[in-house]
Structure formats: structure tokens, C-alpha cells
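Please go over the structures that come below.
After this come two complexes, each holding chain A, first together with chain B and then together with chain C.
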Partner chain A sequence: MKYFIKKLATLIMTLFIVSVAAFIAFQIIPGDVVTSILGTEATPEREVQLRQELGLDQPPVKRYFSWMVGVLQGDLGVSYRYSKNMNEMMPVAELIGDKLPVTLWLAAISLMLIVAVSIPLGVFWAKSRSKVLDAVLGVTTQTAMAVPAFFLGILVTYLFGIFLKWFTPGGYVSYQENMGGFLGYLVFPAISIAIPKIAMTARFLRNSMLTEMDADYVRTAYSKGCSDRRVMYGHVLRNAMMPVVTFLGMIIAEIIAGSIVVEQVFGLPGIGRLLISSISTRDFPVVQILILYITFVVIFVYFLVDILYRIIDPRISSK
Partner chain B sequence: MIRIEKLTVAFGDNEAVNELDLQIADGEILGIVGESGSGKSVTALSIMGLLSREAAITGGRIYMGEDLLLQAGVPQDKEMLRRYQGSRMSMVFQEPMTSLNPTQKVGKQVDEVLELHGQMEPKARYDKVLEAFRSVGLKHVEKVYDSYPHQLSGGMRQRVMIAMAIILQPELLVADEPTTALDVRVQNQIIEVLREINEKQKTSMLFITHDLNLARRICNRIAVMKDGHLVEIGSTEDIFERPREAYTRKLIEAVPSRVKVKELENTIPVDEQGLILDVKHLNVYYQEGSNSLFGQKKKRCVVEDATFSLEKGETLGLVGESGCGKTSLCKAILGMNRLIDGEVKHFSQRPQMVFQDPYSSLNPSKTIGWLLQEPLRAAGRLDPERAMTKADMEAAAYDMLHKIGIAEKYFTRKPSQLSGGQRQRISIGQALITRPGLVIADEPVSALDVTIQAQIMELMQKLQEELQLSYLFISHDINVIYKMSDRIMVMKDGKIVEIGEKEELFYYPKEEYTKLLLKES
Partner chain C sequence: MRKKLLSYLLMAFLTMAALGGCAGGTGESSGDNSSKEPVYGGSVVVGIQQDVDSLDPHKATAAGTKEILFNIFEGLVKADENGNLVKAIASDYTISEDGLVYTFTLRENVKFHNGNVVTAEDVEYSLERASGLLDGTPLISSLKTLTSVDIIDNQTVQVTVGSANTELIYSFTAAIIPKGSGEDEQADPIGTGPFSFVSYTPQEGIVIAKNADYWQEGLPYLDEVKFKIVNSPDTALMDLQGGSIDIYPYLTDSQAAEVKNTGDFQVLAAPSDVVQALFLNNAVEPLNNVKVRQAICYALDKESINTFVAGGNATLVGSAMLPSLKDYYVELNDVYGTTANVEKAKELLKDAGYPDGFDLKIMVPSNYAFHMQTAEVAVEQLKAAGINATIDAVEWNTWLTECYQGRNYEATICGITCDMTPGYLLNRFQTESSKNFINFKNAEYDAAYLKAQESLDLKEKADYYGQLQKILVEDAGTAFIQVPPITIAMKKELGGYKFYPIYVQDMSTVYYTK
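What follows is the complex of A and B.
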């Protein structure tokens, strides 16, 4: 219980600090939203008027608090750039709500791929005693780790989209229309995200398992009459997973942040693309919320990792 | 029952075991004794089929009864081996701390043996595990079943390991240094458990140890190994009473020490009356600094007119409140404070000190082995005649590790990996490695919790007997003093208030202050 309160306090503190930092950042960076919106139609009068409309004539501290109060009450503010129709501003919540599922599903599918492939691969690799296989896997994973995500995206598009014609490049299906089609389309960007991470995780797991194989309890397990397979899956894997779980947590955080590039390559309307366009147009209300959201997800994932860690290693909770 | 014929095991070009012939009879306990690297563990692992992949069996055979377990040049039948492992032969390892899977409940780990070798129902298996736990002297067995290894003490873990090894009543139990990592008291209990199993279940045992004394206590026969060869084998009595080989004799003589035994033995010099320390009319002063440049420095007397003496093998307890001059007195005796007058006569050359705080008195950046050797290096520099070779110093340090009940693996580790009790053991080891006659222990157990306190005191008493030490044992805790001392000296405000035999002083204190001290505790 105490543990949860502590974690919660950390979460709130971090979010607060990040929100302040994000807010200050946009006070400092050059570029003015008003001139950016009005563009060539700018006249001094219209600028003043728009500034008042957006509340930008208030001092920064006051703006921060009125924004924060709004966020705490569930009002995420309105976008400067997008509008619902001629007369209505676009609420940020609605804007993000549309794109969030795309990014979250992308991350989820990527993670599933990573876990489903890297763990058996890592175990298999650790078990293999063939030097040839060892070298092949070594080089393959090294290469996979080194290739940048956008290039992998292009390769995947070429291989599955143009060569094998398993999907239509750029033929994104919205999840509101067809959930199956949507997920089917997401698999391919997820593959491009997952490949380097699979390579890293498999390597990591293999090394961790090889270290664990020298542990005394492994010898004990063999002395009981356990087969290689049983020693691997029954004893070594769980112990070897401990560092890997931490590693996976870091990877999840990376996927969320790294999906920006892949979303561009595959034309996915996720928050990555929204983030880029909002930054370039100085659409601060959107950017600030996205930053808070990413921070929240990362901290939450670390929290889950922590819980998982406690489940795997009984020694931690008693400390 | 086990027949080893001309077994040769090599690691690369290095032959760890060379043409070894050995038999273990039904129901006997055979000890293999040798220094580390003698091939004793490799032999055990060969029987169990647990050799690491780097090891190659280049010659020989091992039979269990009529069945061929292992033959050089023929790949081992893993299926058959697995049927033997855990059910017909099993093993207890040296390190109970790491030999159990840290992420599995110990009950489940024992249960796995049953699961692998039998078709029993889960409920029946559960009962059988509990029964095995009881048979090795574990209490609260249900609770133990659901514990993770880190929740159990070293002794309990080793009992769990033994339970795991004997649950299917194997014909052979291989115990590789099963008590080395445990402290003396637990060591005895584990030996008892093993002996009982041998008697009740008629299990044959291969008992591997570097400690001849331990082998003597439990084994029927002893095989002495050196550099992969069998030096000598015979009944325990023959080995000890009529050793045929020089190496065996050397090992026996080296009990309890492998190092320069002759030279160090009984060299603790005493005067005609058997005194090791004689202090007469000692005053100790303390320089009070003056702030002004030319100000006269003042001397303050912190110990006044101290007169006492210490006999060989005796413990003199020194008790008093903090600030009464206990530590100043010690420093003066050790020569760390020169502002004294009076007479301090040492009859032993190398008094040593054990300090209170085991956390700060060991250099955290050095290994345990280095720390233990440091006093030897210092002694060697002071007196070239006593300089030892590097190998000798290392051997002495290893030897001291055994004496103070710390596992050899700690040799290369740093103090931060030790508990407070273990660190204090190291401090004691440092003090004793130069074989002093007199050890001054300044509150050596005050920073430790009660159970560790008891263990450290036990260790100090054991070492006192072994090495004929005299202790000047300082504590503010009257109970600790009572437990340790032969005579007690009470100090107050720099003066010795009363000296007397322990019992006398406790039951018939003469001075008011002593009575007060006794009443308070």
C-alpha cells in the first residue's frame, strides 16, 4: 500500500515537472502562434484581437495555472490550428482521441511481436551449441539492430506491399470502418518497429541465460535429474528474465516515442504525426497534452515493469 | 557399490584427476580429503555426471553396482543418467546460499525431484516433502515449504538441500563440502543430520572436504588426494594413527594450520610467572591543543596509576562507562599513545587489536584476501626475518578464512559484500593472522545484533583455545563481559576501581561503583 502511494506521488510529481518544463519551453522557443495562424493576412489589429481570443495577452504564470486547472478538470483546451467547422474550435481531447488508438494499437502489436519472437529466439540461441548458428544469429541480430527504423519501414513496404502484395502501401483502413483491416494494416509498421527490438531483446536474453547457466542452482537442477529443456524453461528462464523485463520496459517507452517515424513512413494518422505537425505550427495546447500523455505512458509502463519484477523475483518485495 | 576405475578427467591440457581408482562400499561414508585443486570435487561431479562442458573424461570407467555409469570415449547415456540423478544418487553442494533457485519456493524445488522420478499424486508428494523436511530436523515445515530461499538461514537451506537429496532414499549421497559455508554451530548440526541419514537409511556417502578434522568425525574411510592423484586410502583410524605417506602426515600436522606450523607453534613467550602483559603504575596523558600559537600545551591525565597483569590464555574483561579511559588505556598498551609514564611490559611481541565498528575499520576498496594478508606484509617489512613468500601469505589468509568461518570464495570479494558479523570475523582474522599472544578487543561485539554477537563471542573463545590467546576484552555490556572473561577489571574516571575473578566480582563486589554497574544491567 505504502508502495503504491509512493509510486503515485512520484507519478504526480513527474507529470507536474514535465508540464512546467513543456510550458516554459514554448515560452522560450522562437515563433509566434498568432503570426503563424494569420500568415499573410496579418494586420496589427487582427493580431491583437486574436491574441485576446486565445488568451495570450495574459502573463505566462496565469496562463499556466488556468491551463492546469482546466486539465485537472478534464478540459484539455482547444487547438489553435484545427477547427471543427467555421464557428467552432477543435477541442484537443477530441483531436487526440481520434489518433490515440492508432498509436496504442501500433505499440501493442509491436510489443506482442517482440515478446513472442525474442523470447523463444533467445532461449533457442542460448541452448544451441552450434558455433555456426551462433555466428549466423550474431551477425543477423547485429545487422537488425543497426538498421534505422525508417529504412526498415521502406524495406517492409517493398517486401510485403509491393513484392508480395500482402497489403496496399498507403491504403490505411480506419479502425472505425473495419477493425480487422485496421489491425491487418498495422502489422506491417509493427514489424518494422519490432525487428531491431527483437534482435536486441533476443541477444540480451541469450546473454542473461548464459550467465545464469553457470549458477549453482542450475547444477542442483541437473543433479535432480532435470533434462536440458526442463532446466532451461523451469529454472533458468525466470531468473534470466529479470534484467530482460527491465529492458522491455525501456523498449516500450522507446516504441511510443519512436512510432513517430514509422507513422510517417506508413501514413498512419497516429499521435506521432500529430505531434510533428503541431510543433511546426506552434499548436501548443496539443503539444503540451501530447507530452504529458507520453510522460504518463512511460511512467506507467515502468510501474508495470516494477510490479512484474516483483512477481518474478520474490527477493525484491521482502527488501 | 560405486567402483571408479582409472578415472582421468582433463580440463584442456590440465589433468584434474589422474588414473583414480576408488570404491565406495554399501552403507559406508568415504571421505575424500585434499586441498583445493586436488581433484576431489571433480571426482564427485564425475560420478554424478555433472561435469562442466570444458571437462573431458579421457580415461577410465565408473560403475554403480553392475551398471556402467560412465566410460571414457563413450558419450554418456543422458536418459539413463537422468533416471539415476536424484533418485539413486544425489548431491549436496557447498553453497546453500546459491544452490537453490532464488525464484522458486523451496518446497516446489524439492517436489520437483518427486515429480521427475515418480508418478505420485500432488497431495502425496506434498506430504512426502514435508516428511523429508521433518527428517532433516526442519521445524514449521509447512512454512518452510512456502518459503523462498532468501527467507531461510544458511543452515536451513542446507537442510532443504539435504532433504531434496535424500527424499527418494538414494543409494549414494555425494556431499561436496556441505558445511564449509556454515558457521561452526550449524556445521555440527548438519554433520549430525548426515550421520543420522547414513545410520537410518543405510545410504552410502561420499563426503568431500578440505578439513581433515571434519572428515575424522564422520567418515569410516578416508581417501587423501593431491594434484589429481590418490595419495593414500584407509580407515579413518589408520589415516590418523598410522599415516603411510608423507603428504598425509603433513596434512595431519597442519591441522589446524597449513602455515609455518612449527615456527609459530607455542612461540608465545611468557615470563617466569606465565604473564604475557604486565602494567605497573601507568599514567596516560592526553595532549590538549591550545588555540594560540605560543600557548602552553596542557597534558590531561586520562588514565591514572593503572596496575594489572594478564596471563597467557586468559581473558581479562575491562568494563566501564564510555569516557572512563578504556580506549586510552588500550592505545597506551599498544604503543599508539606515547604520552605515558609508568611501566608497560610485553612478553609477547605482537599484540593486535580488534575494533568496534566492523563497517569502517576495513578498507572498502581492498579484497578480503588482501586485507587478511596486510598485517603479514607489515610484519615482514618491520622484521625481514618474518617476511613470508606471497604464496605462504595467501595460504595463511585462506587458512584464516577457515578459522574464522568464512567461505573461501570471499577471498576475492570486497568488505561491502559481507554482513556486519562477517566483517567482524575478518577483523578478528586480521588481528590473529600474525599469531599474536595478546589481542585487545575494543567493544568487538557492540555494533552487532544479539545472535551475531553470540556467534562472534563463540568464535573468539574457540580461537583463544586453539591459539592460546590472551584477550583484553573491553565492553560496556556487563553480560558480554561475564560471558567472555576469566577476570574482570572495572574502570571509572581513569582509575581502576576493582579487579577480581569473574564469579567473585559478580557475587561479592567490593566497591560501590561495581555494585552500581551490576545493578544497572
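What follows is the complex of A and C.
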């Protein structure tokens, strides 16, 4: 119980620090939403008027606290840039709520691909005694890890979109319109996200398993007559999974927080793209909530990893 | 290390691809469909580069928004593809001899998208709203000069202005919206244009549909147009090839070459309405010395800039006027020449007291690939003349704040647009203008500009504008470079695309061919 309270306190502190840091960053970078909206057509009168309309004429500290109070009461504020209807600004919650499913589905598909491919691959690689295979897999995974995400996205688009014509590049379908088409389109960005992560996870698992195979308990297991299979899956893999779970946790947090580059390449209107465009238009309420969201996801996933640890290895909770 | 090496290899590969593109690009139109028979109906997807800033036609300021709203809204007058004004909601207008009273006769039976007929009250409301007569804040600053809008009868509206200006008529392109609808325009834009608004999704795009009641017989052809925000200029090309967009209006030179090779698209090019220049801050050392500024003008090799970044399709200019505004343009390319004159530049620098050159930081908005590429070429040319130029790539908002408004920079490469009125290109160089971000200061210029403003005779006005251009160039206020081309890719089966001397995407004349 104490453990949970401690974790919760850390979470709240971190969120607070991050939100202050983001707020200060926005005060320092040149330009604000008014310069962004008015552009080169800005006149002093329009600037003053717009600042008033948006409440930007208030002192920064006051703005921060009124925003904070709103958030604590569950009011995430309204976007400076996007409006909804009847001259009413778009609530941030709604704006992000619309984009979140895109990123979450993308994360889910990518994660399924990563787990489904990397774990068998890692086990297979660890078991193989072939030098040739070792070299081939070593080079392949190294390459997959080294290709920049943007370029990989373009390669995937060229191969599956333009060459094989399995999907229409840029032909994103909204999940509100057609769920099947939506998921079908997401497979390809998910592949782009998954490839380097599969390579990393497989390498990681293989190394981890090789280390475990040298452990004393493996010899003991063999000597008491366990089958190869039983040793591998019952003992080695279970122990080797420990660091891999941490690693997967990091990957999950990274993907859910928004695959900025991949969303950009495939034209997915997800969280990452919203973050980029909100920063460049200085849409502070949106950026602030997105940053809090990302912070929360990262901390929360680490917390889940912690719990998972206790399940895989009961020794930890007794410590 | 390995990662780095790979990215170098990739970079080399991409550079090669880009250079290959340059060499091949001539940008001429290939496959002209204008002779084929147009058919009605169909839908197209147009790739756009940025999200819209506002759907309220009086509040929208971004060029990327106005180019779309052109299809939804119309003013009393509107621009045509030759840069002339044609009558739109007004069927006729007269301007009093002293230039102070404008009388507009409304066209009969022009309907808003909500089915209502446009009345004199709607016009009065729209002009009062845009000019600030309604609530004291002018939304369109050029209309600030309006002192009253009066309804004469059902079909006639009279506008009185505080001071005469022959270019004011261009401002009556301001959208006419239904009376009292100002607050709703943002969510439910209603205009009189060839297309009506259907939907807008942030970050995804805008959908517009045919206005069946449009007052111009036979237009538009298409049933529906989707403006889709493309992810990045780099992926726009794949979207085109993959078929998710049909028209993409912002091809770079290397992209144009690549698209042409696929054979599925027509590539069309025309001059834009942008004058690109290496703008110099006249108020900072050593650029406050006219000789230094002249040296920079001599050091630039505009011809090779054109070849490198525009595939030779740009129009070189010597001053701040578009060659397409024929009545006002003065050819001034000879003053500093279109190729580099390094000897002359070095000599001027020596005279100015900088025999060893100086450091020059060029601030460039990095979201404009064209300006960035131009800067990369210009930097090398300046170095040849002994000026140690470096590029400071900044994000657009930083550029607006630091450079355009704060004037806290040495030099920048960007473009200025004309917005149809030639005066718009020149008024920013008056000493006191709020848009004079280069801090140009020349009493002779200010005096000539005032005279041009006052002049009601177009011939005389053109003479003054000519003088202004000469002063600007002789005083080397800034190093003007070129008018970049607009290059578009359009599916083979489409036709009727019109280039405008202003930044709009007129979809009303676009059609599918049989």
C-alpha cells in the first residue's frame, strides 16, 4: 500500500514539474498564438484585441494558475486555434479525444506486431547454433535499428503503397467513417514503427537468454532430466523475459506517447501530429495537455511494468 | 558510428536524386487538356500544405486559408486570372471624380448558400463589419478608410471614404456575408461563391460542394472538392502517385521532374505573386552603409540561383514589383546585373571600409524549403565576395516575432506578395510603415509615395511607382532576387485549372474530361 502511495505522489509531483516547465518554455520561445494567427498581417490594434479575446493580457502567473485550477476541476480548457461552432472554441478534451483513438490503435497494432515477431525470433536466434544465421540476423537487425524512422516510413510507403499497391499512400480513412479501412491503413504505419523495435527486442531477448543459459540452474535442470523444451520455455525464457519486459515497457510508452515521425509520414491525424502543429501555432492549452498526457503515459506504463515484475518474479514483492 | 555513416550515405543518395531532378526540370506544361471536352460532376482532392487559420473570411489572414475561401466567398468585385477586377456581387459600380464616393449596384438574384438573396443590407453589414464601422475594430485594415456605408435603395449601396485612393477598389473583394452572421461564419461559413462549405476537420481538411444556384451560368463543373492537408511536402509526392490527391499546387522543381516522369500527371507552371529577396536590415552595422548593401547586390548571382532552386523557371527581378503588373513594372535588372560581379562587390566593400569583408547572419524561415535552398546558394555567392554569410534557420513563428516584427536580424530571405494592388508591394518601404521590416529610410521615397497615393490619374501614378522602384534599387534597400514559379501537378483527366496572379486555388473552372 505504502508503495502505491509513494508512486502516486511521484506521479503528481512529476506532472506538476513538467507542466510548469512547459509553461515556462512557452513564455521563453519567441512568438505566441497571436503572432501565429495574425501572421504578417498583424496590426497593433488587432493584436491587442485578440490578446484580450484569448485572455493573454493577463499576467503569466495568473494564467498558469487559472489553467491549473481548471484542469484540477476536470476542465482541460479550450484550444486557441480550433473552433467548434457558434464562435465557441474547441474544448481541448474533445480535440484530443478525437485524435487519441488513432494513436492508441496504432500503438496497439504496433505492439502486437512487435511481440508476435520479436519473441519467437529472439528465442529461435538464441537456440540456433549456426554461425551463418547468427551473422545474417546480426546484420539484419543492426540495419533495421539504424534506418531513420522517417526513411523507413517512406520505404514502407514505396514498397506497399506504390509498388505493391496494397494501400493508398495518404489515403487515411477516419475511424468514425470506416473502422475496417482505418485499421487496414494503420497496419502499414504500424509496420514502420515495429521494424526497428522488433530488431531491438529480438537482440535484447537473445542476449538475455544466452546469459541465462550459462546459469547454474540450467545445468541443474538438465541434470535432473528436464527436456530441452522444458528448460528453454519453463526456465530460461521466464528469467530472460525480466529485462525484456522493462524494455517493452519503454517501447510501449514511446509509442503511446505519439509516434510523431510516423504519423507525419503517413498523414495520420494522431497525437504526435497534433503536438507538432500545436507547438508551431503556439496553441498552448493543447500543448500543455498533450505534454501532461505523455508524461502520465510514461510514468503509468513504468508503474505497470513494476507490477508485472512482481507477477513474473514473486521474489521482488517480498523484498 | 554505423548509424551516422548510413545516414550520410542516405543523404548523399537523396542529394543525388534532387540534383538529378534539377537537371531535368523545365517545368513546362505537359499534356494540355484544354482542347478536350469538359464534363460536369465528379470530385477532386486538392493537397494543401497547412491548416486553415479561420473560416471567417474577414478574419482569415493566412494565404493558405484565403486560397481556399476564394471558392466559398465573393466580394462586390473579384479578381480574375489576369489580375483584373471583375464585377461579382456588384453588377456595376461608379467612383466619384474626387475618389471619395463609391456607388455599387447589386447584381439581381445572387443567392447565399442558405438560399437567401443578397440584399443591400447584407452588403452594408459586411462592409461595416470588415471596416470596423460596426464595432470599432477593422478586420481588414485596408478598409479602415471607410467613413460610412449607406443604403440608397434595394439594389444600391454607397460607400464614402476618408481619403481618395485609386487602389481601394481592390479591397472591395472583401467577402459579403449574410447580415448578422458574423459570429457564426467561423463555424458555418455562408457566402455566395461557386462552392458551399460542407465540413472542416482540424488537421485533416475542408470539404466544399457545388453551389447549384451560382450566379455565373455553367460554373462550377465539379460536385465536390476536398482540400486535404498533406503531411509534409516530402510525402505529398507519394500521395499523388498513390492516388489519394488529384491536384497538388506546390511542387518543388525536383518534384516536378519526378512527377513528370511518372506520366500520370500534367505539370503546369506559372509565375507566382511573390517577390523573393535577400532582405537587408538597413538599420544595423554594416548594412546601414549603402555601399555595403550595393556590394551584396553585386555579389548575388541571380541567374544561378534561379537555375539551382527553380530550374530556371523563375523570373528575375531588380525591384519590388511583379513583372506581371505590366503598367507599373520597371525593368531594373541591369542596375546590379543578373550575374555576380565579384570585382565590383569587393571594390565597394573596400570603399566602405570592409576590405576583409564581414560576418552576415541570414535568418530564414525553415518551413519554406524554397527560401532555405535559395539561402544555401546565396551564402556561397556572398562568400566568394568575401562576406562571411551564415544561415540561421528559424521556425516560422520565431521568424515573425524576431525578424518581421522585432526587426532584430541582419538579413533574411523571404517573399513579399502583392495582394493584387501594386501599392501593397511598395508601401511597406516607407520610413514609418509598420511593415517596413528592413528599416528602409529614404525621404525622397516617402515623398514620392505620398504623391503616388494622392494621384488619381493612373498614368501619373504609374510614373511615381516607377520612381519608387528606382529609388529602392539605387539605394540598395534590399537585394531583390526573383519571382518564383508556382508549379502544380494535376491528374491527366482534369482540365481547366487557372493560374491567378494572386494566391488562390479557383476550383470553379476545373473539370474532368471525357
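Note that in this section the second predicted complex is superposed on the first by the 312 of 319 C-alpha atoms of A that agree within 3 Å, B and C clash if a C-alpha of one lies under 4 Å from a C-alpha of the other, contacts with A are read in each partner's own complex, and residues count from 1 in each chain.
Throughout what follows, a contact is a pair of C-beta atoms (placed from the backbone, for glycine too) under 8 Å apart; a residue touches a chain by one contact, two chains touch by 3 or more.
Since we're looking at a predicted model, the values are computed, not measured.
Asks: Consider chain A as the common anchor and indicate whether chain B and chain C clash or fit when overlaid.
Replies: Overlaying the two complexes on chain A (C-alpha atoms) leaves chain C and chain B fitting together cleanly.
Asks: Just to be sure I read the superposition right, which of the two partners does A:K197 touch: chain B = first, chain C = second, or both, or neither?
Replies: It touches nothing on chain B or chain C.
Asks: Once chain A of both complexes is superposed, is A:H235 in touch with chain B (first), chain C (second), both, or neither?
Replies: In the superposition, A:H235 contacts chain B only.
Asks: Quick one: the Cα-centre angle at chain A between chain B and chain C, nearest 10 degrees, please.
Replies: 150
Asks: Using the superposition on chain A described above, determine whether A:Y217 touches chain B (first), chain C (second), both, or neither.
Replies: first
Asks: In the superposed arrangement, does A:E41 touch chain B (first), chain C (second), both or neither?
Replies: Touch partner of A:E41: chain C, not chain B.
Asks: Kindly classify A:I312 by the partners it touches after superposition: chain B alone (first), chain C alone (second), both, or neither?
Replies: Only chain B is touched by A:I312; chain C is not.
Asks: May I ask you to decide whether A:R206 touches chain B, chain C, both, or neither, giving the answer as first, second, both or neither?
Replies: The answer is neither, since A:R206 touches no partner chain.
Asks: Please determine whether it is chain B or chain C that touches the greater number of chain A residues.
Replies: If we count touched residues of chain A for both partners, the winner is C.
Asks: Just chain B (first), just chain C (second), both, or neither: which does A:G225 touch?
Replies: first
Asks: Once both structures are aligned on chain A, how many angstrom separate the closest C-alpha atoms of chain B and chain C?
Replies: 33
Asks: Residues of chain A that sit at the chain B interface in one complex and at the chain C interface in the other, please.
Replies: Correct list for chain A: none, the interfaces share no residue.
Asks: Spell out the part of chain A that touches chain C in their complex, as residue ranges.
Replies: These residues of chain A touch chain C: 29-32, 35-46, 49, 81-88, 90, 95, 99, 142-143, 146-148, 151, 154, 157-158, 161-162, 167-171, 174, 263-267, 269, 273-274, 277, 280-282.
Asks: Could you please specify the touching residues of chain B with respect to chain A in the complex?
Replies: 48, 50, 78, 82-87, 90-91, 93, 95, 98-104, 109, 112-113, 116-117, 148, 150-151, 161, 164
Asks: Under the definition above, what is the set of chain C residues touching chain A in their complex?
Replies: 2-3, 6-7, 10, 51, 53-54, 61-62, 137-139, 141, 183-184, 186-188, 201-204, 228, 230-232, 234-236, 238-239, 241-245, 367, 395-398, 400-402, 404-406, 434-435
Asks: Within the complex, which stretch of chain A touches chain B?
Replies: These residues of chain A touch chain B: 215-217, 219-227, 230, 234-235, 238-239, 312-315, 318.
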